[in-house]
Every structure is written in structure tokens, then in C-alpha cells.
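Heads up, there are several structures right after this.
Next, two complexes with chain A in common: one pairs it with chain B, the other with chain C.
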Partner chain A sequence: MYEVIDHVLNVQMGLGVPGWVIHLVRHVTVAGILLVIAPLQMLLLTYLERRIIARMQDRVGPNRVGPEGLFQPVADGIKMFTKEDIVPTASDRWVHLLAPCVVVAPVFLMVSVVPWGPELVPIDMNLGLLFFFAVSSVSGAGLLMAGWGSNNKFSLLGGMRAAAQMVAYEIPAVLSILAIVIVTGTLSLVKILNVQGGLFTSLNDVSSVPNLGLGWFVFTPVGFLAFLCFFISALAEGERTPFDIPEADSEIVAGYMTEYSGMKFGLFYLAQYVLNFLLCAITAILFFGGWQGPGVEWLHSRGVTASPDGSVVFTILANVLGLAYFLAKTYFFFFVMVWLRGAFPRLRIDQLLDFCWKFLIPLTLVNVVSATLWAIAIQWGSPQGLAFLEGMGEWARWGMAFALTLVINAAAYIGLVRVNETSGNQTTVAEDRQDRSMKTATLS
Partner chain B sequence: MQLLVQVIFVLIAAEIVGAAVMVVTAKNIVHAALWLIASFCGVGALYLLLEAEFLAVVQVLVYVGAISILMLFAIMLTRHVTGKGAETSLYQRWWVGLIVAAVLFAAVIAPTVLAHPWETATAAPALPGETGQPAAMAGIVDLGRAFVEEYLLPFEIAAVLLLVGLVGAIVIAFEERAARRHIPTLAEEVAHRRQPE
Partner chain C sequence: MLTPYVPILVLFLLAVFIAVFVIVLSSQLGPQKPGARKLAPYESGMEPIGPAMRRFPVKFYLVAMLFIVFDIEVVFLFPYALVFRELGAAGLVAAGVFLAILMAGFAYEWKKGALKWD
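This part shows the complex of A and B:
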């Protein structure tokens, strides 16, 4: 990228600009592309969601504007822009006005670290993964601002519920990712992706495996459990059914969005759909290899080593193929989200928090322990006083790690299911109702 | 380049101090909490300017993402939610607070100021070249090692302190099931009403 801009500006146009200008041009260009792509994703996703959910509910869905209703989101966007912007007189003007911005801005910052292909990386940060989750947690403040600033009880309830849910589910989400970080030993999304080559086992574990781009972490017991926990937490973070409690339309109108109209409402919608896209994308990247897939690595290596003319073609092909894999995986997860919306009713807030504290968090903690054992079995050796591990072959070490973590994780899962079942049976209906009234009283 | 960095530093510092002043002078307690978030963000930006990206990210994650949201949450649960009537005014003996704060701040900052080997006259460090990568920073690995080796005791004490806080919060919030008001189920209510007949 740097070389290309350098070539265009300095060689072809002969401007002789200094290096920092080239960096600036590069980053502004990338940011511009991302700022266009992210809203486009939102338009596409709203259309997809409406069509898929209509199909599941035996309806037709939007099919009038454009071929198969494809331009419906554009029409919706025009409607949003032309609507009157109503600010309630009793609201806190500035807080009400700033809240949508505080919700949208972090989501767009999150876009900046997501790798789309082998070389389609906006910013390769060493802390990419941590940055992603740190920034995503900021939007909780925006939700509370929206809920409080509107001066409406439904808004306030929605804002409180949203913040409670986000803070609670951040813990299992981050803990399940911690397992992947322990196994790979890095927080860089690019490095986590590069490791996921290979066939069934990642390149980190067994280096002799053929690199077919299929060494996804979901094939390991640690990665599989982490994937399940993370995806459930992602549903809660993205406020998807069955966790769409903050904007439960049948209870509190639209939650924190109740008093917003026009484009401010549109901004909340934009933030939500881009966030859902990003959560699906990060699921695909961490557990399903992102752009990794059969053929990408081969094309990419050809692109690097072949003759100057051929290399560009191969590099472009590798990136296009990687992008296709990445988007296919991401859209598949979004489809699963819509599917869940069609299949499940909404949870109550106490069920949501119970599920988080009594099931997800213990499970992810056990998973962190198994991830540590995995890392010990694969990476440790004589420096740590475990010289006998070095004597074993790569496959033997991998097999040992696999069996060990499989047993631990399966036992933890079965045990937790049993514990939660029995404790669920012991509470009578009356106690359950009391529980519920207690918890809703604290949250309302 | 040095000038640019200094200008950015002054802007960020002004933002932090301004927001912090707003925290203590804002009449509305929710506004005060929101200004505190702005101040925390400024500190994160300052870390970024110092090229301590890990600290910057953690500052945002912990202070903006968790602590200030919990603060807002607590305010909204305990205070009059609209924020009206939560007028803050200066305590009469405000100068006592000022002195205590100044002394505490001096106790923290003085050893650093006195003991740090200030390099005032050295040339500006070579900027990362346009072609090469910036030099490796003291990264997460070093930090993690320091926590479990050199600073193990403070680390563990902090962990125990947090645990104590957690247990205390649960003890305060916990209510015995038997002590709660009994809410009859529909079946119990029906049975209760039928009894007199």
C-alpha cells in the first residue's frame, strides 16, 4: 500500500512528497473505504434479516423496491433522513444529542482492526483483539446516556437493562477469548489468523501438517467451547433475540431508543447492525479462520515468490478468495443470529443474568484452565523443567493435549448442566416468582 | 515534530483538566459522571501520546468501559433519577479538602520528580524511519512477567483487595430467601380465596 502510493505520487506525478504525507494519504484512504463499507454492510444486513425472518415466519417480506426488494434499505434511509427530528422538551438536550454519537463512534473504531484478507488489514495492531473489546465497551456509556437523557421511564429502563447486560456478558466474552490468546500467545488478530492454517490442527500445534487453511481453532476442544460461549455472549452484546431485553418492544416500547426519531434513531440502528456484523466477523476470525481457507495460502505464496508481473495477479486473487471466505463465514453467522431470532422467545432479565453467572462464567473459567494445559502440553519443554515433553513427537503432544482438554471440557459442561438442572428443580414456582420480582425491582 | 507533540499534549492536558474541573463543579451528578468519562478518555489519549498503547487500551477498557458505567449505574439506582435536587455546593471547609488532596498528590509525585534522571539536553530520539517498523516497546509480555515475578506481592494484595470488595458487595446486596416478603402464586391465591366458602 505504502509503495503503491509512493509510486503514484512521487514517481508518476513527480510531486516528491515526504513520507508522512504518504502515510496520511494511505490512512485517510483506508478510513474512507471503511466508512463507506460499514454502512453498506448495515443496509445489506437489514435487508437480509427482514427477508430471512419473513421466510421463517411464512411471510414475503419487503419485495417491492427494486429487484426482490433489494433497494428497500435505501428507501428506508431516505425516510429516516427526511423525518422530523424531535427532541423532548423535558430531555437533557446535550446528553440526548450526544448519546447516538457515543454509541456509533466506538463501533466504527472497531472496524479499523478487523482483517478482511491476507493483506486487507486496515491497521495491524499488536493489541488488536484487546482494542476491539476495549472500544466496544465504551458504547455502554452511550446507551446509559440515551436512556437517561431522554427523560422517559421506558428509555431509562432500556438503558439500564442494556448497560447491565453489556457489563455482565463482557466477562464470559473476554474469558472465552482469553483461552484463544493463551493458546496462540498473541493479541494481534493478524497473527491469530496466520496460525490457523494447516489441516484440522493449527500451524502452532503441529508444524509438519500441510497448510490448507483449515486449522481453525473450533476443531480443538478449547476452541469449540470458547466458540459456543463467545457466540452466546456476542448475542447478548449485540442485543439479539433471545437477549433483546433492552429493547423488548412488547414491554418497554423500544428501550433507550424510544424518544429518538429521524436520523438519530437511524444512528442507533446503524451502530447495532454494524456491531452485529463485527461480532459475527470476530467469531469467524477467532474460531473459523477468517480469510483462511483452501487455496488462499497457496495463491498468496505464489504471489510473493513468482515473477513481478504474475505476483500482483496472484496477490489480488489470494485477497479476493480470502475476502470471499471471510464474508461467507461472517454472513453465515449473521444468518444463525436471524435463525435464533426466528426460533427462540425472549428471556427474562433474571434468566439472562442467571445464565451468565451460573453457567457461562464457570464454563469459560474451566476453559481457561484447559487452554493453559493445552499451551503447556504443546509449547513447554526443558526450560520449564518438563524435558520429557520434548522427547514426544509433535503429534503425540497434540493428541495428549486434545484428549486432556476434551475430557476436562466435557466433564465441566456435563457437570454444570447437571448442577443447573437440579438447582432449577429445587426452586418452586413461588420462589421463582419472588426471585423475579426481587431482580426486576432492582433493575427497574 | 517535537512541537507538534507538545501542542497535542497541551490540548489533551487542557481537556483532562477542564473535564475534571467540570466533574467537581457540575450541579447535576449524572453530568459529573459523564464529565469524568471525558476525563478518563483524555488520560487514555495521553498514554497513547506516550506510546504506551497497552496502558491506553486498558485505561479505556477498565475506566471508561467498566468503572464509569458502574458509577452511572449506581447513581441511577440510588439517587433521584432525574438528577434534579442533587445540587452540589462547596463544603464550607473546602480548603481542608484542598490541602489533603495537595499533600497526597505531592506524596505520590515528589519521589518521581526528585528521583527520575531527567534528560533535558539530549537530542530528540530518532523517529521511526519511513521504511522500518518502530522499535519494540515494553510490551504485554514484559508487563505480565513483572507482575508475576518482581511485583508479585503488590499484585496479589490488589487481587485480595478486589476480592474483599466483591464479597462485601454480595454480603450487602444479599437477602435471605426466608426474609423476603412472600408473594403467593396464582394457585395459592385461588386456594386462599376458596377456603372461607
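This part shows the complex of A and C:
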């Protein structure tokens, strides 16, 4: 890309600009593309969600604006721009104004590290995964600001619930990706994707396997459990049903968004849908190989070896195919999110936090231990004092690791289900209601 | 060393600019008809009872405190995950002891009822 901009500016236009200007132009171009793509994803996702949920509820959904209602989100956007911007007199003006910006900016930053194809990587950072989750936790502060700054009881409750939920579910989410980091030994999303070639085993584990782009981590016991825990945590992080209690419309109106109107509300909405898209994308990348799929690697290697004229075509084809795989997986996970919304009722906040602390966190911790054993069984040898492992074949080591982690993870799952069933917090609904009505009405 | 973060900085500035721009634009495009009722806090159409910024249940703060403990644990485990091949058995033992201490604390918390919401 540097060469292209250099050619356009210096050769064709004859400006003779120095190198740093070219770099700056490149960065601004990449940022501009991302800032266009992200809202487009949001428009498409809102439309898809409304149509799919309508189908599940035996309705039609928006189908009047444009072909099959495809321009409905655009119409909604125009409507939001022309709505009155209401700032309540009692609110903390500056906190109220800054909250949507604090929520939206990190989400755009997260888009920058997501690899869309073999070469479609906006910013290749060797700390990509850590950056993604570090930045994602900033929006929690924005939600709290929105809740506090609005000076409204519904908003405050929503903001508090949002903050509690975001911080609580961040731990299982990060612990489940920690398992993948242990197995791969890198935080770069590009490298994590590159080892997911192969056929049912990653290239990291068994090097002799044919590279069909199907060595996804979800096919290992460690990856499977990490995927389940991560996706559940992602539902909570993205405030999707059944974890949408911060904006539970039947109890607290719209939570932290209650006092927002016009485009400030629109920014919260935008941030939420882009975040959902990103969480689906990260699920697809970490556990389902992202752009990896049959044919991509073959096209890509042809792009490197073919004649200079043909190589561009093959590289473009590889990227297009990879992008198609990536988007198909991402949209499938978004479909699952909508499906869950159509199928499940909302949890209470105590159930939500109990589930996190007493089930997900212990389970992901056990999974981290499993991941360590997996990495030891497959990658360690005489340098670590385990010379006997080197005598075994690659497949034998892989099989041993598979069986060991499968047993540990299954035992942990069954054990935790038992512990949570017998720990006495399973009161019946009637008892529970009586219990609650006897307590004085407090905010909780 | 910090070069990968230059595009991030550019993107950040652009994102903040766009957010502010959108808010300013919408406040200019929309009508401006304020009124005492409209600008009062929304409480489902009732007269607001008392201020909203007041004392809040300590339970939420407890969640935040538990989070900090676990977050620090995760912060320590990430570097370990990256270098644990080089550290070998000694590193494994150290990380195991670290995790065991944390798990003991977690079990204590659980038994003490710190994880109970009500």
C-alpha cells in the first residue's frame, strides 16, 4: 500500500512529498475505510436482527423501505439525526455529553486489529488480542458515565448493572482466550490464524497433516470449552439476551440510555452493534479459523509461486475467498445471538453474577490448566527435561493430549454442574418471590 | 518500537472527531423546543421522587473488588503464557503455586458467601 500511495503522489502528481507524509496518508486511508465499514456492518446487522427476530415471532419485520426493507436502517439513521437533542436540566452536562464518545471510540479502535483475510489486516500488532480486550473494557467506563451523568434512577441502575456485568464477564472471556494463548504462544491474531490450517488438528500440533484450512481450535477439547465459555461471556459483554439486564426494557426502561435522544442514542446503538459484530468476529477468528477454509491457503501459495502477472490474481482470489469464509462465520454467530434472543427469557442480576463467579470462572480456570497440559504434551521435549515425549510420534502425542484434556474438561464440567445444583441456591420461584417481597424495597 | 501504534492514534483521533461531529450535527439538525417537563428526569410520567445521585448498594462495589483481584491474576498469567516454553518446569511450578494461592482465596470467598448477591 505504501508503494501505491508513493506512486500516486510522487510519480503521477509529482508532489515530491517525504516518506512520513505517505505513511500518514496511508494511516488516514486505513482509518477512513474502517470508519466506513464499521457503521455499515451495524446497519446490516440491525436490519438482519429485525428480520430474523420477526420471522421467529411469526411477523414480517421491516419490508417497505427499499427492496425487502433493506434501506430501513438508513431511514432510521436519518430519523435519529433529525430528532431533538434533549439534555435534562438535572443531568451532569459534560459527563452526559462525553459518555457516548467514550463508548464509541474504543469500539472503533477494536475494529483495527481484526484480520479480514490473509492480507486484509488493517493493523498487524503483535499484541492484537490483548489490545482488543484492553480497549474493550474502556467502554464500561462510558456506560457508567452515561448512567451517572443522566441523573435518572433508571439510568443509574442500568449503568451500575452494565458495569458490574461487564467487569464480571470480562474475566471468563479473558481466561478462555488465555487457553488459546497458551496453546499458540502468541497474542498476534494473524499468527493465531496462521496455525489454524491443517485438518482437524492445528499446524502447531501435527506438522504432517494436509493444510486444508480446517485445523480450528474448536476441534480440540480445550478449544471447545474455551469457545463455549467465551461465547457465553461475549453475550454478556455485548449485552445480548439472556444477559441484557442493563437495558432490560420491561424493568428499567432503557437502562443507561434512558435520557439520551437523537444521535447520542444512535451512538450507543452503533457502539453496541459494532461490538456485537466484533465479538462474533473474534469468536470466529480464535476458535473457527477466521478466514481459514478449504482453498484459501492453496490460492495464497499459488499467488506466491505463480508468474508475476498471475500472482496478483491468485492473491486477490485468496483474499476474497478468505473474506467470504470470515464473514460467513461471523454472521453465523450473529445469527446464533439473534436466535438466543428469540428463544430465552432474561436472567436476574443475581443469577447472572452467580453463573459467572460459580460456574464460568472455575470452568475457565480448569481449562487454562488443560491448555497448559496440552502444550506440554505436544510441544515440550528434552530442553524441559521431558525427553521421553520426543520418542513418541506426533500423532501419539496429539492423541495423548486430546484424551487427557477431554477427561479433565468433562470432569470439571460435570463436577461444577453438581456443585451448583447442590449448593442450595436453587430455590423455587414461589419461595423466591415470597423471600423478595418480605425484604424492604431497595435498589438492587 | 511504538510504530504499530501510530495508525491506532490516527484512528483514535478520527473516531473521536466523528463521534463529536455526529453529536454536534444532530444537535443542529434537530428541532430545539425545550420545556420544563421535557427536561425533567424521566420516571415513567410520574413526578420524580428525590434525586438519583445518592447512596448505592455496596454489592456492586464488591463485584468491582473481586474483579480487580482476578484481573491482576490474568495480567500476570498473560506474560507467563507467552514465555512458558522457555521457562520450562520451574516456571510451571511457580505459575502453579500462584494459581493455587488464588484458588484458595477464591474458595474462601465462595464459602464466606462473598459471591452471594442477596
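One rule holds for everything that comes next: the second predicted complex is superposed on the first by the 413 of 444 C-alpha atoms of A that agree within 3 Å, B and C clash if a C-alpha of one lies under 4 Å from a C-alpha of the other, contacts with A are read in each partner's own complex, and residues count from 1 in each chain.
Note that in this section a residue touches a chain if its C-beta (ideal position, glycine included) is under 8 Å from a C-beta of that chain, and two chains touch if they have at least 3 such contacts.
Note that the structure is a prediction, hence the values are computed from the model and not measured.
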Looking at the overlay, does A:L130 come into contact with chain B only (first), chain C only (second), both, or neither? both
After the superposition on A, what does A:A31 contact: first (chain B), second (chain C), both or neither? second
Could you tell me if A:V95 is touching chain B, chain C, both of them or neither one (first, second, both, neither)? first
First (chain B), second (chain C), both or neither: which does A:E259 touch? second
Could you say whether A:V87 touches chain B, chain C, both of them, or neither, answering first, second, both or neither? second
Mind working out whether A:W357 is in touch with chain B, chain C, both or neither, as first, second, both or neither? second
Could you look at A:A141 and tell me whether it touches chain B, chain C, both or neither (first, second, both, neither)? first
Of the two partner chains, chain B (first) and chain C (second), which one does A:S176 touch, if any: first, second, both, or neither? neither
Look at A:A375 in the shared chain and tell me whether it touches chain B only, chain C only, both, or neither; answer first, second, both or neither. second
Which partner reaches more residues of chain A, chain B or chain C? C
So chain A touches chain B in one structure and chain C in the other; where do those two contact lists coincide? 23, 125-126, 130-131, 148, 151, 156, 160, 163-164, 167, 170, 187, 442
Inside the complex, what are the residues of chain C that reach chain A? 4-8, 10-12, 14-16, 18-20, 22-23, 25-27, 29-34, 36, 38-44, 51-53, 56-57, 59-60, 63-64, 66-67, 70-71, 74, 77-78, 81-82, 84-85, 88-89, 92, 95, 99, 103, 106, 110, 115-118
Residues of chain A defined as touching chain B within the complex: 19-20, 22-23, 92, 95, 125-127, 130-131, 133-138, 140-141, 144-145, 148, 151, 156, 160, 163-164, 166-167, 170, 187, 429-431, 433-434, 437-438, 442
Across the complex, what residues on chain A touch chain C? 23-24, 27-28, 30-32, 34-35, 80-91, 97, 100-101, 104-105, 108-109, 112, 122-126, 130-131, 148, 150-156, 160, 163-164, 167-168, 170-171, 174-175, 178, 181-182, 185-187, 253, 258-259, 262-264, 266-267, 349-350, 353-354, 357-358, 361-362, 365, 368-369, 372, 375-376, 379-380, 383-385, 425, 435, 442-444
Contact set on chain B toward chain A in their complex: 30-31, 34, 37, 53-54, 57-58, 60-61, 64-66, 68-70, 72-73, 76-77, 81-83, 130, 139-140, 175, 177, 180-185, 188
